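A single structure is presented below for examination.
By letter and in written order, the chains are A, B, C and D; residue numbering begins at 1 in each of them.
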């Protein structure tokens, strides 16, 4: 179980979104309200795009201790600005607490983070790994279900068609699960980005999927809360997608419906139904 | 805020006392019930005497991550036996999360661990450090109030008269506090050992002191719970002193009264009133 | 590139073999003389059997920093005795510096450590991983060639016939290498133990294999050096196998010939020719 | 023993100065040529100013492992640009390997890093700590001589008169040393900055001071090496001060004379004689 946050919009100091909110992701690392576990202390990661440096590849900082006491994360948060940020705090469900198991995962200019699990992953791992395209297999460095899901999605066309590739990945995991007696293997919220758009998915093979929320349009929020200065400073197309709300600000957060994905890019956002596809 | 455990008695595998109990210290690192914080994930330490190796100095293993996911701690727990064990999980109140701030602290064959704080320590730190005997000052490597309390107690005669030295240490901290406008600076449970006896203290300058419990005499527990096999295997003089009970076993745990210290040694244990002394 | 040490014989304090020798493994972590790199600072591990605790499974302590400054390793070394010890210092050739990539690796009561590499491992990794028996695949947690070699050897019968299984593993790697255009993929010294015997291998598909030495019989060394007290205290069947000599003691060390393996067990040791077998 | 680097000039990607040079600081962490030790693997730090974020306080990233295998350092280096960078690699002379002992140290907008040692620091530590101004004492978190030197310099006026304060600090350490029988306690190269200018000092109470070099004026270098593209891209007032040259580029490096300090600021640099002053 984990918690994550995706930010897209006006360049901000990471501190503004990671530490400042009343129920920030850092606070959630100690006191998650909606997660399966209240503590998410088994590592963390933050990824951001720094286009002024002339590279499309995001920076990814990951470490194995809890986010709440990490001084380097605080330093970065107070000195780095970015228009597109992924952040993740981890609660291991058994796999090793190591940097290569921390999210976000990266491939070229793409980043991926996940909350949830593949039920019965221990039994399915080998077959799912073998389904990863050989040249991508070499890039896998960790042992999590989340990383395998990313590399399966890449194998199945993530770079050309993100929603389709994620749907095919889920289809493949479900089919593989059923072949091994795991009826409903997928439980996930996933965020993925190429540095331009963010796609966020909420899905479970059965039962209720992990919580996921997106922020209300900035112009509506401004009307509701003319006194919140942060809202005056960000552009209309700024959006947050989060595992749980960062504040109790009335009207600020909307639950992503189950079996749904959203797309956020400059000047556009939308919600769509999500369903697995045959791989 | 922290939690700790002291064991004295029949040599046991560390696993038996650290991991096996229903509400073990490892469980408390994620889910403390009686602590100020539920999470104690800012480092840990375990110290034990290994007399078969011909040394009086205890081994002390300390690390900066949470106890709950530390594989080396689990390895040690499953492969080391000892008749006298200290274990501690830390929740930092602001000082750096580093090995030299983890308990237990050691000086020769002595170990010390603490739960609580010196209120206003930031203001008192320099004066208290200066009160440490110069040759002992050189051994201090961290920045916690707990370590300064230990070295003050050593300065004030811990090795000759543990209860007296701790009483003088508390007296000195209270006097120093008052001189700086901190009326009631001490909040503590402390355990200290020379490898033979364990002294455990519960005290607060004002208000209720942090929780502290000791285990019921083994012969009484055996009569109550003839089915608990662990009780059949340990000697009559085996004792545990803990920040919070390790189980819900009826009749197993007794609260240490406030302003009290206890002594545990082979064939003897006793409780005494504790009051600060002029340093 | 790495360095390692295997000890079998009279129970010793780990300190005696890890820190005390003039050119100890800890010294080699900073100043290796015969290794490909002088520095081996990318993690370490030590494994030992503690039979007094009633388990056949060895303890394995591993960490990601350099051995030379690790305080927990020093604590363990000064407080743990064992009759059979493996120790390893790592110099990564590119794979992640993480606990799950540190040696020794363990499976049940077996331990494995390796110095060398599979040339072109990046290209061969997927095919070699797929050749691991599925139930064993699930135990692999890291990304090193060394761990894959261990699990291939387990797949090929290590627990029944160690020399045969290692020969078949090498045969499989060489065949796989050739199929991918890597003519001579194996460069290795390997130590493996079940807690009773130690098998040590020196082999390279081509060229000179990594250095490997074994200690001279204790009775011969005693005659040569009647003044070395350590030699008076250990039994005749005590042996060390090491990547490089721990001292300049004349007559103490013998090079393991290339394409050779040795077996060390109580009351017996022997050298044999090693050659790959078809898997 | 340590190695360090100070950069001032045209904003650069940290990678350009930390990893790219043939004999970069990262390379020096494994293969120092001019240092007392060839390996500097006991932690590292990098500090930089990010003025676009509206703060004068530098970011400081520090960690306890070796620089050569740290992935977060590499991420930062590839995604952060700055006009003023301090970087340091540490070889501990015995004090704990912990984040709070890593350079650069920071106080407000000031940074400090040091190579060398206070001879006999163990004996002098308490008296030197007591000489630190009480409100500054509270900021000290580590146990190194280097940090004490910084806080003594701050106590003695660093923020008003850097060269004078450093001279008084050295005078105080030398006087304290002599009072304790340490005739010649100071061995140092030090860099200090307020985010605008860099002051670099080379001094030893006796004998030869640690090595220190500064880069030749860019316009002269360009004339010598018209083919080196990096030189075309940086401004005339760009300067590096380093423990040892980063390359073998002929004419690029000049040794700072002993008992000398230099000042580097935009449009101005100069060398001056350095001598201790009474504190």
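Going forward, a contact is a pair of C-beta atoms (placed from the backbone, for glycine too) under 8 Å apart; a residue touches a chain by one contact, two chains touch by 3 or more.
Computed from a prediction, not measured in an experiment: that's the story for all the values here.
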Pair exhibiting more inter-chain C-beta contacts, B-D or A-D: A-D
Same or different residue numbers at the chain A/chain B copy interface, by half rule: same
Inter-chain centre distance, chain A versus chain D - centres from mean C-alpha coordinates, in Å: 39
Multi-partner residues of chain D (each touching 2 or more other chains): 71, 96, 99
Interfacial residue positions of chain D with respect to chain A in the complex: 13, 48, 50, 52-53, 55, 57-63, 71-72, 75-76, 78-81, 99
Residues of chain A that touch chain B when the two form their complex: 30, 37-39, 41-42, 64-66, 68-69, 71, 92, 96-97
Contacting residues of chain A [partner chain C, same complex]: 95-96, 98-100, 122, 125-126, 129-130, 134, 137-138, 141, 143
